[in-house]
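To keep things simple, chains are lettered A, B and C as they appear, and every chain counts its residues starting from 1.
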Amino acid sequence: MSIDVHSQGATGSGTGGGTAPAAVRGRARRRIDWGRYHTWAVLAWLFAPIVFMIVFSFNDPAGRHNITWQGFTLRWYQNAFAHTELNEAMLNSVSIALLSMVIAGGLGTLLGLALGRFDFRGKQLTNLVMFAAISAPEVVLGAALLSTFLMMNVTTGYWTTVIAHVMFCVSFVAITVRARVITLDPRLEEAARDLGAGPWDTFRLVTLPMLFPAIMAGGLLAFALSIDDYIITSFVSGDVTTFPLWIWGATRVGIPPQVNVMGTLLFAVGLLLAVVNIAMARRRATAKD
Amino acid sequence: MNNRPRPPLDPALLRGLTRARRSPLALPGITRRRTLQAGGATAAALALSACGVGGQQRDPAADEDFWADKERTGNLRWANWPLYMDSERTQIQQFTEATGIRVDYKEDVHEAASFFGQIQPKLANGDDIGYDLMVLTNGFELAKLIELGYLVRLDHTRLPAFAEYADEVYKNASYDPGNEYTVPYASGITGIAYNPEFVDREITSLQDLWDPAFEGKVGMFADPQEIAIFGLLANGVTPADSTREDWEAAADKLREQRDSGVVRAYYEQDYIQPLTTGDLWMTMAWSGDIYQQNAEAGTNLKFVIPDEGATLWTDNLMIPYTTQAPVDAVELMNFLYEPEIATGLTEYIGYISPVPRAQGTMAEWADTEEEDERAEALREMSESALVFPGEGDYQKLHNYVALEPDQQGEFSSLFQAVTQS
Amino acid sequence: MSNRKFTPYVLVLPAWAWLALFFVVPIGGMLSLSLTTGNVVTGFQQTFEVGNYATAVSTYWEQILRSLFYGACATLVCIALGYPMAYWIAFRGGAHKSTYLLLILLPFFVSFVLRTISWRFFLSDNGVVLGPLKDLGLLPEGFAVLNSALAVILGLAYNFLPFMVLPIYAVLERMDPHLVEAAHDLYAGRFQAFARVILPVSLPGVFAGVLMTFIPTSADYVNASVLGGTHNTMIGNVVQTQYLVNNNYPIAASITFVLMGLLLVGIFSYARALGTERVMEVHA
């Protein structure tokens, strides 16, 4: 039987392994690929509401409630940026999410690495705090944080929002990274050290690439959590408005289609990233052949 | 990035991080270890700032001469609900043209309770909340703000337009007699809305909300103040005269409605979509919502003030005591009562204007408007009893049950036990 | 190596500082608040009123249990849907692994308000899904999904699926396909190969996924308030109401700590049942 030899195998590298495509094993060739159908079916489920959102961004509602189909129009796209507050909110959301992703990604990776690899005093306590941080209802966390900022004489605003987002994202990154660290073989790093690599080089050249898929996964989760947060943000954002904050408020008297347009544009940017990713993967694959 | 330039890290934060702690308020029992000691002190200080422990209630006597030394600053920060003014901010432009005062308008009030939760710690601390003027509904939050002494007593000599044009109905409301602290921005009615596509009879009574024929198709409001009035009125009790026994009976009546399966869900403010799609056939609803939905989306929803009565609520303009521009704020309050301005505002928001003269002005606008569509919309609105209720309509409308802050918890719990099952 | 002893402390220090300052301190304040009595106007006095906890449990035990139940159901749905997905992406995703991950997360770039509004549109009694089925007579006229426990659980599962898929993927991704092949050769059936080789390796990922779905879903409030009906209230909604509407901070804080306590006890006993040692020591 044929065994497909993966080019990089266990070490994994870059954005998601970079294994050669069409890893079809003899045994699997005759089977129906249920996994593929399942994956696409779940993706369809995930995307169903998005389709609705996109379709209704082209709706031409007469009123303020964009909920029944009234006809096709492009006019919301023509003046997509008419609500200046909404634009500002969008920019705030994206930049806060990126910052949270980077900071929580960094802190969480180190924390996850320590928890997965080392035994140290206070490890259980760290676990406890980490789990507690994701189990506290948001309204209590938000209110408690606001009080703390006030006590410290900190004016709430953009940076307090970033601080809060990083706080609740760190645990998610750390948990994801820890799971991967546990399953990694420490002997690879030992081998690197035996070959004369210093601790920093070992970390940079061996540990980090091995952790990359988990770091990426954790970072993406952090981004998604941050850009979607409403409750905690509403307490600590001061006079800064984010996208969820604006929308939540707007639902009181109806959602203008611009909200759908903004959602669609945001989605389109993400989709563009995915396409670029595919193209890059293609190029890598062809370069290898 | 954020549009406004900001320092990378708030200097105040660094100060806060590096500053030595205040003398620890040692708490017995949890001071065994030094780490805990610090934690306990922090916690106590935190509780202080979070909840205004003892003495955070402000002494209003200090405000006797509040207005004496106040002058116009030329800048005003105003927090309002989203979509409560058109996106061009027409009325603000007119205000700036007339007075030269620049207005930083923020759609930051999304929910009365959470807005209160956000400003209360700052007010307790004496910090600027970032707004000189704000709009809140006459509910628990307003009562607490007044009780805590967080609102500025209005100087009515600066509000001539209010005195001249405001409807008498709004001049002696139970939640703020004599408009000591607030003037109305817009009002609405909570009544019954139904979709005649599914409901084949005319709805006239609150009892229809209990009719088993509508099993799983009736929507009620989650807000305790809102739902309480419907329970009380359904029992034939006048909300203003209700007692504790009446509240309990009302809660029982509402519980019976829930357990019979008539109620589909308890809604915050998002009932329009289900009502339009047929998930709800009938629901508690706000007049302006239904008016807008019909006028703008061409739906044929019906809104009725039930025979037993309904609720009149008011969103009010008010000034927090931490304001930095009280004169500018009160000038804007006054400006919004000019009939032309009130008319323009009402045309966009579609709720009840506190300025009855706006009705005539709107009809005049309809006559002179050249564009047919707008003329028709203006005429229709000027004739609508939902936007301009008549004397008879007001007779059937009740304010929320007026409660002292120490009664609120008890009152809420009674009705939350029904809605949060 | 002596400096190795300090390595873990250096690694955890930044995150620890952050969590200590912005989580432990605030939540410590809440703990103190949970033992006070009073109201927002007269103020709250520290009276070490343990009765707040008794009130919280006796009044809201039903909502607490329901929340744990909904959270558990949603977690199971996430495992059922997410595990095969993570498996397929890790082993068969080829060059497009990261693209798939991005696709899974893409819906979350759009605000939850828009997503839940969309769900209400889809699941409407006479909407695009149920309408045609009812027209064909496959469902009774009165059938409804919205405003039920089912809708809440599905909503929770929908919103937390990525938190199950990504950690499982992150663990499986590094598995050597040779090992899988060897397993297939060693054990006769695919199931055996899966149960004996792949599943044990992936357990830390599943554990992480369960943590990241069960904990936050049990404390969630959005889904119950948007998709739930009567008798679907979760404890998150109660906390929200007690804190924001009633300003009953001591009760809101007490409920919070009861919930956190239950969740932490649950998580640690789950870790024990799963065999922390085994989870920690598997090296594929």
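Convention: a contact is a pair of C-beta atoms (placed from the backbone, for glycine too) under 8 Å apart; a residue touches a chain by one contact, two chains touch by 3 or more.
Since this is a predicted model, take the numbers as computed values, not measurements.
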Comparing A-C with A-B, the one with more C-beta contacts is A-C
Max Cα-centre separation from subunit A goes to chain B
Distance between the CA centroids of subunit A and subunit B (whole Å) is 36
Taking each chain's mean CA coordinate, subunit A and subunit C are separated, in whole Å, by 16
Expected list for subunit B, residues touching two or more other chains, is 17, 42, 45-46, 50, 111, 114, 117, 270, 273, 277
In subunit C, the residues touching two or more other chains are 24-26, 29-30, 117, 121, 243-244, 249
Multi-partner residues in subunit A (2 or more other chains touched) are 67, 143-144, 147-148, 248, 251
Subunit A partner, complex, touching residues on subunit C are 7-9, 11-12, 14-16, 18-19, 22-27, 29-30, 81-82, 84-85, 87-89, 91-119, 121-122, 158, 161-163, 166-167, 169-171, 173-178, 181, 184, 201, 204-205, 207-208, 211-212, 215-216, 218-219, 221-222, 235-236, 239-240, 243-244, 249, 252-253, 256, 259-260, 263-264, 267, 279-280, 282-284
In their shared complex, subunit B is touched by residues of subunit C numbered 21, 24-26, 28-33, 36, 38-46, 48, 63, 117, 120-121, 124-127, 142, 144, 146-147, 225-226, 228-231, 233, 237-238, 241, 243-249
The residues of subunit A that touch subunit C in their complex are 3-4, 6, 9-12, 15-23, 25, 27, 33-36, 38-39, 42-43, 45-50, 52-53, 67, 106-108, 110-111, 113-115, 117-120, 122-123, 126, 128-141, 143-145, 147-148, 163-164, 166-167, 170, 172, 174-180, 182-186, 210, 213-214, 216-218, 220-221, 223-224, 227-228, 230-231, 243-244, 247-248, 251, 255, 259-260, 263, 266-267, 269-271, 273-274, 277-278, 281-282, 284-285
Per the touch rule, the subunit B residues reaching subunit C in their complex are 17, 27, 29, 39-40, 42-47, 50-57, 111, 113-114, 116-117, 120, 140, 144, 147-148, 215-216, 224, 258, 263-266, 268, 270, 273-274, 277-279, 405-406, 408-409, 412-413, 416, 420-421
So, in the complex, the side of subunit A touching subunit B is made of residues 61-65, 67-68, 70, 82-83, 85, 88, 91-92, 95, 143-144, 146-148, 150-155, 157-160, 234-235, 238-241, 245-246, 248-254, 256
